[in-house]
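Once you scroll down, you'll see the structures, which are given as structure tokens.
First subunit A sits with subunit B, and in the next complex the same chain sits with subunit C.
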Partner chain A sequence: MGSGKREWQVEKRFEQGATGYSPEPCSEPEAPQGLGIGEYEIGLGTDGFMLRRGGEVLGTYKEVKVLSPERALFKLERGMFLEVSLQGVRKTLSPEKAGMAGFIASDGSLSRPSAKSKRMDFYSASDELLDKFTEFMKEVYDVAPRRHQIKNREHFFMLDKAGKDIVEDMREYTHKGLKKNYWEVPFDYLDKESARMFLKCFMSGDGHIGWYPRSHPRVKLPLQVRFCSKNTEGLEQIQQLLEEDFGISHTSIYFGKNRSVLEITSTEDKVKYITEIGSFKENHIEVIERASKVIREE
Partner chain B sequence: MLMLARSISLRTEGACGKNCTKCQLFRTYCPGCITRICLVAKCKRGTTYEGITSPKSFCRLREYCNNPGRMPENFPNQDKARLRVQLKLGFPDFIPTISLTDRRSWFWPDLQVPWIAVRLSEFIKAKDMMPESVCRGLHDFLGFGGKILLSTVMEDEILDRLRPTDYLEMINDIKPDAVMTPDVYTYVDDPLSLSWMQTFKNVAYARAFADLSIPVVGLVKGAITKQVTYSTEKLCELGCQNFAIPSRELILLDLLDGHVLTVTTALRKKGMTPPVVLYGLAYPVRRPRGNMIYSGMSWFIDAKRGVYYKGNKRAGYITDTYVRFEECGCVACKGRMALDLGDDTRSLALHNLQQTLGRFA
Partner chain C sequence: MTRTIDLWGGDGLLGEVQERGKIAVGKFWTNRTVKGCVELQGFSSDRGYDYSLYGSFDNQRKVADVIDNILGVLLGDPKWVGLHLLEKGDRSLLDEPWAEHDPQKLRKQIGSNDKKANELGLELARERLGNKAIGKDIYVEYEIKVDYLIQCNNEELRLQVFALNDSIDETLENASEDAQQLGKIIGYHVPEVKGVELVDVADVDESTLMARIKTSTE
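Presenting the complex of A and B:
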């Protein structure tokens, strides 16, 4: 490698390279005050942080969150973090970007309407979800999607953003373009926080949290927690994510003709879901509050 | 007269404050600081780049900025080393580059090609692969009957670690049929003293390949015309009969044409017209193609992303409406529609490779 521009190389490989303006003259580098995580060392300077391994500087970053003595997150561009832990280094999605991935997997799409253009869409009738998606877009890509009302459908809006870079970037993590309606859970890029946000946003779009006291009169907590999708493999991956990251293991998948349903079956796991993960949708939040009240009274 | 004086001062005084007249390379080899996009010069003007010149306390180019008296070092001595094997290789028009760690890119025996390229960086990164390939031999390890070109193009941080003896040790272990001279990094936005030092390194490390018993392909590097010419001339003096240019980034900057012209002109001056491998390109960009040979793995990278090739272009993702129902009768598709290749990356890669080879027919 090493042809072309260094600026491009750094942007492509390390998701850095953002330009800034700083007319002040350079200062002499200060001796780093280090924090060691495994074989990695985080050095603190006057206006940034550097990651080293065996004396070799791997990168310099503006922001770092040291979450525990064994785990730190360096902020990269476009809603990504570089996670440093005892297991090594990996890139993870920020909760906002994971949330976008969840929204797109549920009620959105990454499409290519013509040979030269690419577009990201998100459809919803709920204002709170449209606002949340817009908020995430601003946080991650610093752009706002356009909002259109869908023809002949009362209060049903589409948010869309055309842009090759953005669509390619999102596609990299969730949509590999293999089948229609196919998306996958980006396991390699999720930590617990971003996994929570992915599930929460997916639930807001294509999930269901319902309260059915009449159909289940003898049950104290007549709660139903379901994920629905045409992508059965995706639901299986969500099932795996629930079990691995949140210990929610009592689940079943019902295969339907047009769509499949993943349902959390045990009351204990339903409570775990609504307390640890939840949803952004207003109807879901109402049910969660009602269920929480019953749980508190018990 | 005023204009002339001004142009000379621009060349002798870099935007970073460096005085080029004190440099031994000035005029003979180097035209002086002629680039406005130098990252150090930009930083002096106030524009910084995160991860390179920002945060300032960790600037990677600090040593070229705080020390305007620093001049390129390690100017190679007049070593008259010559390659032991000076053989002009009969490359085909396109050399597929494969991934050693991903068997889905191993397209044989469905398709036979005379040469493939493999990357040395993969051996370095996947350490457990090296003992097996050394033990069985690279051809046996891959199960490939043709010839193998070992590419030394790799990431900058690996390049900084390797010494000539490391290269020789690995090449002798791997036993390819041909190898490129070591890669270096010569970015067009780096200070010229850095790219000059890397060009010198390119030449010095190439000389260490003189005793190899396999043909050596000269990897031409350089950020400016003078560096490219210098690199080409020194590789010619070494006895290289085949040349390669890492082209992927250059074509994005529209610099490839100038680069190729500089290399071919330098070669013509030496009385040579060998084929030049444009490494990292999988579509013919220069017409007439003449002595250009292409090598790349975009056929496989695109297949992993679900991109379907049709004829001379990337048709689109296999889920796109105007692609999904495309039918093809090649050995990979066997009449299947594009969408049916979704779960079969190897077949999609093989289809894309055949379309790529068709471009050069």
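Presenting the complex of A and C:
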């Protein structure tokens, strides 16, 4: 899966600044004017913040966040940012949209039940995850998904053809051109914050952070940190993302009876995962708190 | 030859699976089919294990009841539901030399397998690592399976739980608790470990290594 090496993909995305953007305005301006980032310049105009290069106005935006003298994010529609940095300009997913992508890759699907309808499902037995998905959905698309309860404690989120454009929008980043139930990490559209949210949401749905002192007494930190999926290529991409963006390199993938498993193997990297990324799942959070206490006491 | 049909893989509502099962049986059950088996694969994120739940039927009309039974108590998040159609001579997915359920004997058998897997795994890891193993603590990791036969609503269900051996005590406790939610545990099956294959050796910390192995049974 994927389309070539990550370096090439990033380079390709960064070149897009030259083609120009015409995003819709988002909210009131509140950033300084006259900032230069590489060959780009951010200035305040009458309709909002202007992004210029060599005197040419590339776009006008209502909201901009200047994160450092070398990086700024312009807010676009539907959970997207236009990132301006020394490398150039590219579109990135907001953390909320990246979180939705992580949730769908783990416990959801984007499907086409019939020629005319498209559907987004997110299913989970955990209320905290359903609530988080709803929160992100409202933030990104201003839509509250319908909740279905199946059997004793199963919940579903479903968007049918009324949300066709939303499904198509999400497919663009993680499922485009892939066979049913396959997804890929949207490398081209992730900055570190959105990468963190993608991983955190995937872990919440299809990962495990467990604490096993009884079975594993010889190890100081009897912690399991694992991601599981039938999509082995997807897990390999998660492995790459962990290493490139968070320096978590001691990992291995093994094939279980039903699914593949990506396991973080070293204690140092497990600690890095739980402190820098984490999970939204309640019982994962409890384990993280317990492990953190042991780490503090050492 | 056994034919397997996907009924659900996260697409659409789980409530549609019964209808999909009836359609699949109507379409693919032939005069050579002698038995059907529904399999649900799921993941319990709370427990940290994958599981498979099987229920079988020999009459086409019973497919909806078996699916209803299997979906009756969900142990975690379902990931896949499939239908296996078996012909004469195919190995049934519920037939194993089941031993009458006895938690102590089950624990003992798993413990004995664990001891053997550890010994063989350590031997292989030391052989591969040579001098690099000197002064290092090595622990062995592999996937264990806990396999129960359960009586549920006058039908038999098979529950297989797959977890890592480094959570063996917690897994046995949790799997037994989950199985009892489904019905009465009437049997268990623990095949004896015959051999192991070393898959990988990974660093845990400066003084510890983890040897991942794969076990083979009789």
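One rule holds for everything that comes next: the second predicted complex is superposed on the first by the 247 of 298 C-alpha atoms of A that agree within 3 Å, B and C clash if a C-alpha of one lies under 4 Å from a C-alpha of the other, contacts with A are read in each partner's own complex, and residues count from 1 in each chain.
Note that contacts are C-beta pairs under 8 Å (C-beta built on N, C-alpha and C of every residue); 3 or more make two chains touch, one makes a residue touch a chain.
Note that this is a predicted model, so its numbers are computed, not measured.
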{"item": "First (subunit B), second (subunit C), both or neither touched by A:Gly48", "value": "first"}
{"item": "Subunit B versus subunit C as contact partner of A:Lys62, first or second or both or neither", "value": "first"}
{"item": "First, second, both or neither for A:Lys138, with subunit B first and subunit C second", "value": "neither"}
{"item": "Which of subunit B and subunit C A:Lys293 touches, first, second, both or neither", "value": "neither"}
{"item": "Touched partner set for A:Thr265, first subunit B, second subunit C, both or neither", "value": "second"}
{"item": "Common ground on subunit A, meaning residues reached by subunit C in one complex and by subunit B in the other", "value": "180"}
{"item": "Complex interface listing, subunit A residues touching subunit B", "value": "1-10, 13-14, 16-24, 26-27, 29-30, 45-48, 50, 56-62, 77, 112, 115, 171, 176-180, 182"}
{"item": "Interfacial residue positions of subunit B with respect to subunit A in the complex", "value": "37, 39, 43, 46-52, 54-60, 62, 65-66, 153-157, 159, 183-190, 198, 221, 246-250, 252-253, 255, 304-307, 316-320, 322, 324, 339, 342-343"}
{"item": "Residue ranges of subunit C touching subunit A (in the complex, touch as defined)", "value": "9-15, 41, 43, 45-46, 48, 50, 52, 71-74, 76-80, 137, 139, 143, 145, 160, 162, 164-171, 199-200, 202-205, 208, 210, 212"}
{"item": "Touching residues (chain side subunit A, partner subunit C) in the complex", "value": "107-109, 111, 113, 119, 121, 123-126, 148, 150-154, 156, 158, 180-181, 204-208, 210, 212, 214-216, 218-219, 222, 224, 226, 228, 230, 250, 252, 254, 256-259, 265-268, 281, 283-284"}
